[in-house]
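Chain lettering (A, B, C, D and E) follows the sequence in which the chains are written, and residue indices restart at 1 in each chain.
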Amino acid sequence: MTKRVKKQSRKAGLPPGTLIHIGDVLSDQIKISLMSYDEEHVAERSISTLQECRLPEDFPGITWINVEGLHETKILEQLGANFGMHPLILEDILNTAQRPKIEDLGKYIFIVLKMFNNHEDKAEELESEQVSIILGSNYVVSFWEKEGKTLDPIRERIRSGKGRLRKMGPDYLTYAIIDAIVDSYFIVLEQLGEKIEFYEDTLVSKPTPQTLQAIQHLKREMIILRKSVWPLREIVGFLERTESNLLDDSVGIYFKDVYDHTIQLIDTIETFRDTLSAMLDIYLSSISNKMNEVMKVLTVIATLFMPLTFLAGVYGMNFTFMPELKWEYGYLMFWILIAITVVLMLIYFRKKKWL
Amino acid sequence: MTKRVKKQSRKAGLPPGTLIHIGDVLSDQIKISLMSYDEEHVAERSISTLQECRLPEDFPGITWINVEGLHETKILEQLGANFGMHPLILEDILNTAQRPKIEDLGKYIFIVLKMFNNHEDKAEELESEQVSIILGSNYVVSFWEKEGKTLDPIRERIRSGKGRLRKMGPDYLTYAIIDAIVDSYFIVLEQLGEKIEFYEDTLVSKPTPQTLQAIQHLKREMIILRKSVWPLREIVGFLERTESNLLDDSVGIYFKDVYDHTIQLIDTIETFRDTLSAMLDIYLSSISNKMNEVMKVLTVIATLFMPLTFLAGVYGMNFTFMPELKWEYGYLMFWILIAITVVLMLIYFRKKKWL
Amino acid sequence: MTKRVKKQSRKAGLPPGTLIHIGDVLSDQIKISLMSYDEEHVAERSISTLQECRLPEDFPGITWINVEGLHETKILEQLGANFGMHPLILEDILNTAQRPKIEDLGKYIFIVLKMFNNHEDKAEELESEQVSIILGSNYVVSFWEKEGKTLDPIRERIRSGKGRLRKMGPDYLTYAIIDAIVDSYFIVLEQLGEKIEFYEDTLVSKPTPQTLQAIQHLKREMIILRKSVWPLREIVGFLERTESNLLDDSVGIYFKDVYDHTIQLIDTIETFRDTLSAMLDIYLSSISNKMNEVMKVLTVIATLFMPLTFLAGVYGMNFTFMPELKWEYGYLMFWILIAITVVLMLIYFRKKKWL
Amino acid sequence: MTKRVKKQSRKAGLPPGTLIHIGDVLSDQIKISLMSYDEEHVAERSISTLQECRLPEDFPGITWINVEGLHETKILEQLGANFGMHPLILEDILNTAQRPKIEDLGKYIFIVLKMFNNHEDKAEELESEQVSIILGSNYVVSFWEKEGKTLDPIRERIRSGKGRLRKMGPDYLTYAIIDAIVDSYFIVLEQLGEKIEFYEDTLVSKPTPQTLQAIQHLKREMIILRKSVWPLREIVGFLERTESNLLDDSVGIYFKDVYDHTIQLIDTIETFRDTLSAMLDIYLSSISNKMNEVMKVLTVIATLFMPLTFLAGVYGMNFTFMPELKWEYGYLMFWILIAITVVLMLIYFRKKKWL
Amino acid sequence: MTKRVKKQSRKAGLPPGTLIHIGDVLSDQIKISLMSYDEEHVAERSISTLQECRLPEDFPGITWINVEGLHETKILEQLGANFGMHPLILEDILNTAQRPKIEDLGKYIFIVLKMFNNHEDKAEELESEQVSIILGSNYVVSFWEKEGKTLDPIRERIRSGKGRLRKMGPDYLTYAIIDAIVDSYFIVLEQLGEKIEFYEDTLVSKPTPQTLQAIQHLKREMIILRKSVWPLREIVGFLERTESNLLDDSVGIYFKDVYDHTIQLIDTIETFRDTLSAMLDIYLSSISNKMNEVMKVLTVIATLFMPLTFLAGVYGMNFTFMPELKWEYGYLMFWILIAITVVLMLIYFRKKKWL
C-alpha cells in the first residue's frame, strides 16, 4: 500500500523534469513497435535503435508507436525530443505512481490511465499498470509498463482493414485503445464478482475470521478500482466534450459510448461495495448469534444441573438426624424428584425458546 | 449480481457497433406489432417479414412499432437500416446490461429504461427488463425484452380514441409509455412495502437470523431499484426541459407530471431504505437484549445454588469433630439457613431488576 | 407506511387527468366557503350548489374560496372549469399522496403543502394532511382534506380589518395561509420535543426495549417531517424570489420571514435527529454496561464459591487415611481457611473494581 | 432543547410584525447607552427616556446606540420608528430563537448573531445569547440580551482614540463588534477543548458510564456551536463580498480576516467532533475489552475448579468396593493428581494468553 | 489539540493588526538570509541589522529573503514597512495557528502553508510548522518557524545555475519552494504508511488495546494532515489558474504538476483513512471472536463436568437403601457411565464445531 508513496518520496529535492523511472520493472526488455497505416496501406515494424523513434518521412497516414517497458529513460528522452513533448510530460510517463488524468497541450493530448491485470489465481493481489497515451495530429504514442495481449485485437483490426479503424484518424485509434482498457475492467470486475459470490456462500454456511479478512481485502480492492475508474470517467467525459481540433466530431459518439461503460463500471463497483458492507454486517451479527447460542447451552446446562447437584449434596450430608435417609423409598423419591425438576426445567426452556 | 458484469465482459475485444444480444432470452419468439394512427384513422398490424419493418408509405399520421424479444439481431439490423439508426444505438438496444439513459441524436431521441416485474410470489427475486424507445418526428419504435401487458391500456386508448392520445404527436405516445412504466414501479414498491411491513412485525414477535437475511435482501433490492429510478428522474427531467423540436411544448406539463412521480418514487425508496436500516438496528439490539436475558438467568441460577451447594458440601464433610451434625435440630436448621439465603438472594435480584 | 404507495398504484393504467380521489376520506361532508373582500367591504357565504363555485360578478376585490373535503370529484371539476385549471392540476389536488411542490402556470400559481395534526394523545401517529392553494390574479382557492381551526385567525383578521390583510392582495392572503401552516409545524415539533425529553429521562433511569422502539418511532416521524419541510423551504424560497406578476414586491419580505422560519424548522428537525441518534448510542452502550455488570456478579459468585465447594468436597472424601479428619481442630481450621480465602478474594475483586 | 421550539410556537396565529419578546429575560433592567464620535470628538450618554432613542441632531459623526435587555417592547417600537426599521426586523430582534442571518435592506443592513457565554463552571450548560446589529449610513444600533463585558475594549478604543476606530465609519465599528464576538468563540472553544482533554484522560484511566454521558453532552454542544458558526461564516462572507455602499472597500480586508477566523473556528469544531467520535469508539471497545477480561477470569476459575470438584466428589462416593479409598497413599495421590491437573491447566491458560 | 485554540484566544480584545507572535518558539535565534540573482549573477548574504531587510538597490534581478524564526516582532515590522505589507498580513505571518490560504493583494501574493516534520522517532507526534511566502514582482520573502534543510537543494540549484531557476522569475522560485514542501509531505506519508503496515501486522498476530489506541492516533494524524492538504490543493489550484500578472503563463504547467501531486497526496490520505477504518473494524470483530472462543471453552468445561459432578454427588448420598452402592461392580459401572457421557458430549461438541 505504501509502495506508491515510497516511490514518490524518492524524488523529493530533485528539480522538476528530471527523468527517473518510478515503479517496479515489469518487463525485462523494452519493446517498441511502429505501425503506420492509412485507408490503403499498412506497415509494421519493430524498432531497435533510438533514431527510428520518429514519424516515418513521406508518409501522410497515421503512425502508431507502442512502447512496452519504461525503465530505460534514454529512449524516452529521444522520443520526447522527436515529438516535441514537454519534460514534465515525460516525467509523468515514467512516474507510474501517477493518478489517471488528461491534459490538453494544444499540439497533443496527454492521457494517463490505469490497467488492471486479470488475476486468475484467487490468491493474487490486484495489480495496476500505468498506460500513457499521446494523441497528436497524425500519430499516437502509447506507453505500457507491460503490455500483454490487450492490444492484439486492435492490431488485427488494423491489419485486416475491417471495421472503421483504417478509415478514421488517430482519435479513433485512441478511442479503440481506451475501449480495450475499459473492457478489461469488466473482466476484472467479473472475477471479483465471482469471489464475492464465493464468500457470500461461505458466510452463510461456515463463517470464519478468514472470511472477514477476505471481505476486508475485497473492500480494499474496490477502493483501489474506484480510485482508477472515477478519474477515468472524467477523462472520457473530457474527450467526449472537448473542442480540441485533434478530435473529430464523428468520434464523439464513440467516446459517449465508452463514457456510458465507465458509468456502468462505477455502478457495478458501488453495488459491490454495498454488497460487501452488507456481508460485513451479516458476518458480525452471525458472530453475535453464535455467542447467543453458546450462552444458551451453558445456561441450560447450568440451570439444569446446579439444583440437581445441590439436592445430591443435601442427601450426602452427615447429620445424625435425617429421616429421609432412613426411609426405605428415600432413594426412589430422590430420583422422582430429580425427574420432576428436569421435566419442569425443560418445559421452561421450551417456553423461552432456548431448545 | 455478477451476471450483469459477466454479460458485458463477453464483448471485450470486439469492435464497436458489433450487434450481439447480451442478456437472457426472456421470450421465445419475437413479436412485432405496428400501429399507425391519426385523429381519424387507426390501423393495426402484426409484422412477420423483415421488409415490413418500415413506416407505412402514403400515411401522414403517427406510426408506432413495438418489438418484443431482442435475440434475433437480423430484425434489428433491418429496422436500424430502415430508420437510419446509428450502429451504436442498435448495440445499446441489444445490450440489456445498459444503464437507463437518454440521448438526443437530432433526428431522433433514444431512451433506455428499466421495467421491473410484479413478483407476486414472495420468494421470487426482483428482475428488471430493459425497454428502449426511439422517438422520431412521426414515429415511435419501442423494444421490450418481454412486454407483458403493460402497454394494453395504451393500445386500448388509441383504438377507442378516448383521451388525448389520438389527437397528439409521437411525443405524447412516448410520454404514455414512460408513464405506464413509472406506474409499474409503484406496484413493485407496494409489494416491497408489504414485505417490509411483514418483516417489521416478525422483528417484534420472533426475530430469527432469517429475518436478518430478508432485511439485507430487501436492502439490496432497494439499491437495485434506486439505480434505475435515479437515472429515470434525469431522463424525464431532460424530456421536460429539452428544446428539441421532436417534443412539443404542450407535452411539457405531462412530463412534469411524470417527473413529480419519479420524485415520489425516490422519496418512497429512501423512506424504505431508512426503515430497513432502523430494522437492522432493532434486530441487532434485540440480539443483545436476548443475550442479556439469558445471562441474567444464568447468573441468578448460579448465584442462588452455588452458596447452597457449598453449604450442603460442608455438612457432607467427614470431620470427626463437627458439633452441628450431632445436634438434634441440625438438619432442620440447615433447611432454615437455606430458606433464609434464598429469600435474601431473591430480594437482591428483585432490587437489581433481574427478576 | 406503504399506504402512500398503495394509493398511488391504484391509478396505474389510467389516462392522465383522470380525476380520482386518492386518500382516506377525512371529513364526512364537503364544506365550501366563499369570502370576498376589499379594503372597505367583506362578504362571507357558504356555498352549496355547483353553480356558486365561481368568482362573484361585479366585484373588483379579492375572492377566497376554501374547500374542505376532496372526495366529491364533481365539485372539483366544476371549480376547475370555472377557474380554467389544467386537468393535471385537478388530478394533483385530489391525489393526496403528492409531494409538496409549487408550479407557476402563468395565469395562476399552484402550491401543494403538507399540514400535520397536533396529536395531543401520546400514542397517536403523526398524520399529514394535504393542502393545495391556487393563487390567481384576484382570487385564492384553497383545498383541505379536513381544515380544522387553522384558518380561523386569518378569517377573523379579514373580518375585523385589523392588520394588513384587507389592504393587500391575494398574494398576502396566500402568505397568511402558508404562515399559519408553518406555525402549526412548530406546535408539532414542540410536542415531539417533549416526547424526546421524556424518553431521554427514561433512558437514564430505566431503559427498556420499549424505549428503543419509541426512539426508532420518533426517528421515523422526524424523517416524515423532514420530507415535508425540505420541499416547503423550496416552495417558500420560490415565492420569495419569483418574478411572477401575481406576487407583489412588497410581499417578498413576508415570504423571506416565512423562509427563515422554515430554515429554523429544518434546524430543529436536524437537532432532534442528532439527539435521537445519540440516544440510540446511549441505549446500546447501556445494554452493554448492564451485561458487564451481570457478568461481574456471576464471576464474583463463581470465583468465590467454586474453591470453597472444592474444599468442602475434599473433606467429604472417604479415604481411610485422612489425618485432618481425625484432628480435633480440623473443622475449625476448615472454617478459618474458608474465611482467609474469602477475604483474599474480596481484596482481589476490590482491586479489579468489580465490587 | 425544546425551549427554542416552544418559544416559537407561542406566536402561532398572530399576525406578522406583532412585537412579542420571545426568550428568557436575561437582564433585569434595560440599559441603553449612546456614543457619538468622529475623528475629533467623543460623547457618551446613558439613555433613560424614549425620546432620546434617536440620532443626535446637528452632529455629522457616527452614532452608536447599544441596547441591553429586550423585554420592553415599547422602547424597541420607539427606536424602530425613529430609525425607520421594518416591523418584521423589530420582530426578529425580539425573537431570540432566531437563526444567525444577514439582511441587506438597502438603507440599512440587519445582522443577527449568537454569542456564547464563557461558562467557567464545568457543570454549566453552554448558553447562547442573541446579538442583533443594525448598520446604517452613519449609525450602528446593537441589541444584546445581556451584554456583559464584551464591548468594553471597543468602547475603550473609541474613548482613547487609539487604533483606526475613530478614523473610520460605522462599517468598521460593526467589524469591531463582530470581531469581538468571534474572539469570544475561541475562548468558549478553549474551555471545551480542556474538557475534552480531561475526559480523554479519564477514558484511559477509568472509564465510567458518566464518561459516556459527558462525551455525548460535549458532542451536543459541538452541534449547537456548529449551528451558530456555519451561518456566521456566511454572514461574514456576505459582508466581505457585498457591494452595498454602506460598506467601504477599505473594510473588506478586515472582514476577510474575520472570515479566516470563522473558517478556523469551523475547523476546530470539526476536529473536536472527530475527536469525540473517536472517544466514543474507544469507550465502547473498552467496555468490550473489560467484558472479555471478566469472562476470562470466570472461565479460568470454572475450568480450574470444576474438574477438581468432580474428583473430590468421586472420592466422596459411598461404594462398598472402592480400592483407592482403602489404599494407604490414596489421599496423597489425590493431592498429587490435583496438583498435576492444576499445573497442566495453567500451562494451557498461559498458552491461550489468558493469564 | 486545544493548543491551537488557546493560542488564538489569547488575542481576544486586541485591535486588529496588533503584532503578537502566537505559537511556540521553535528556533532560538532569528536567521535572515538574502539571496539576489539573475541569469548571470548570484549574491548571498546573511542579514543581522534591521536596515538590511530591504531589496538591494541598483540590482534589477530577483531577491529572495528567507526569515527563520518569528518571535521578534520588530524585525517583521521593519520588513513589513520596507515591502509595504498590510498590518493584517504581518499579523497572519506571526499567528502560526493560521489555516493554509492564499491572498492576492494586487502588488503581491500572500501564501500560508503548513510543513510537517519528518518524525523518524516512532513515538513522536506529528508537528506542523507554518511557512508564509510573499511573492512580489521581483522578490520573494519566505518565513519559517524553523527552516531545517528543506530549502538547501533550491539554494544549491540557484548557486550552481543548473536547471531553470536562474533563468526564470520569482514565480518559479515560489513554485520551487512549494514543490519542496509538497515533496516533504510524501516523506511524512511514507513514514505513516510504514506505521500503518506495522500495526496491520500486529492486528493479525497479537491485537491489544494499545493497537486500538495507535490506530486512533494514526486516524487523528490523518485528519490533521488532511486539514493541511485540502487547502493546499486550493492554493496551488489558485496559482495555476490565476491571471495575476505576478505569475507568468510559462509557470502554469509547473503549478499544474504540483497540483497533480497534491491530488495524489489527498488520494493517499483517503486510502490510509479507509485502511485505518477497516483496521478498526477488524480489531473490534477480533475482540468479539476472542470472547466467543473463551465462552466456548467455558461452556464445554461446564457442560462436561456438571453432569459428572452430579453423578458423583448422587453416589455420595447416604441413603440407607441404595442398591448400586452394595453392588460389587458399582464403582466400575460408575466410571463406564462417566466415560460414555464424556464421549457423547465430545461428539456433540464436535458436531457444533466447538472443538
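By definition in this document, a residue touches a chain if its C-beta (ideal position, glycine included) is under 8 Å from a C-beta of that chain, and two chains touch if they have at least 3 such contacts.
Everything numeric here is computed off the predicted structure, so don't read it as measured data.
Asker: Hey, how far apart are chain B and chain C in touch steps, shortest way?
Answerer: Contact-graph shortest path, chain B to chain C, evaluates to 1.
Asker: Between chain C and chain D, what distance separates the C-alpha centroids? Give it in angstrom.
Answerer: Averaging C-alpha atoms per chain gives centres 27 Å apart.
Asker: Report the inter-centroid distance (CA atoms only) between chain A and chain C in whole Å.
Answerer: Taking the average C-alpha coordinate of chain A and of chain C, the gap between them is 43 Å.
Asker: Among all residues of chain E, which ones touch two or more of the remaining chains?
Answerer: Chain E, residues with two or more chain partners: 288, 291, 295, 298, 302, 306, 309, 313, 316-318, 322.
Asker: Quick one: label the inter-chain contact graph as line, ring, star, complete or other.
Answerer: Shape = ring; chains linked end to end, path closes on itself.
Asker: Quick one: which bits of chain B touch chain C in the complex? Just the residue numbers, please.
Answerer: Those residues of chain B that touch chain C are 153, 157, 162-165, 176, 179-180, 183-184, 186-187, 189-190, 193-194, 196-197, 204, 253-254, 256-257, 260-261, 263-264, 267-268, 271, 274-275, 278, 281-282, 285-286, 288-289, 291-292, 295-296, 298-299, 302-303, 306-307, 309-310, 313-314, 316-322, 354.
Asker: In their complex, what parts of chain C are in touch with chain B?
Answerer: 1-2, 4-6, 8-9, 11-17, 86, 88, 91-92, 97-99, 101, 103, 209, 212-213, 216, 219-220, 223-224, 227, 280, 283-284, 287-288, 290-291, 294-295, 297-298, 301-302, 304-306, 308-309, 312-313, 315-318, 322, 324-331, 334
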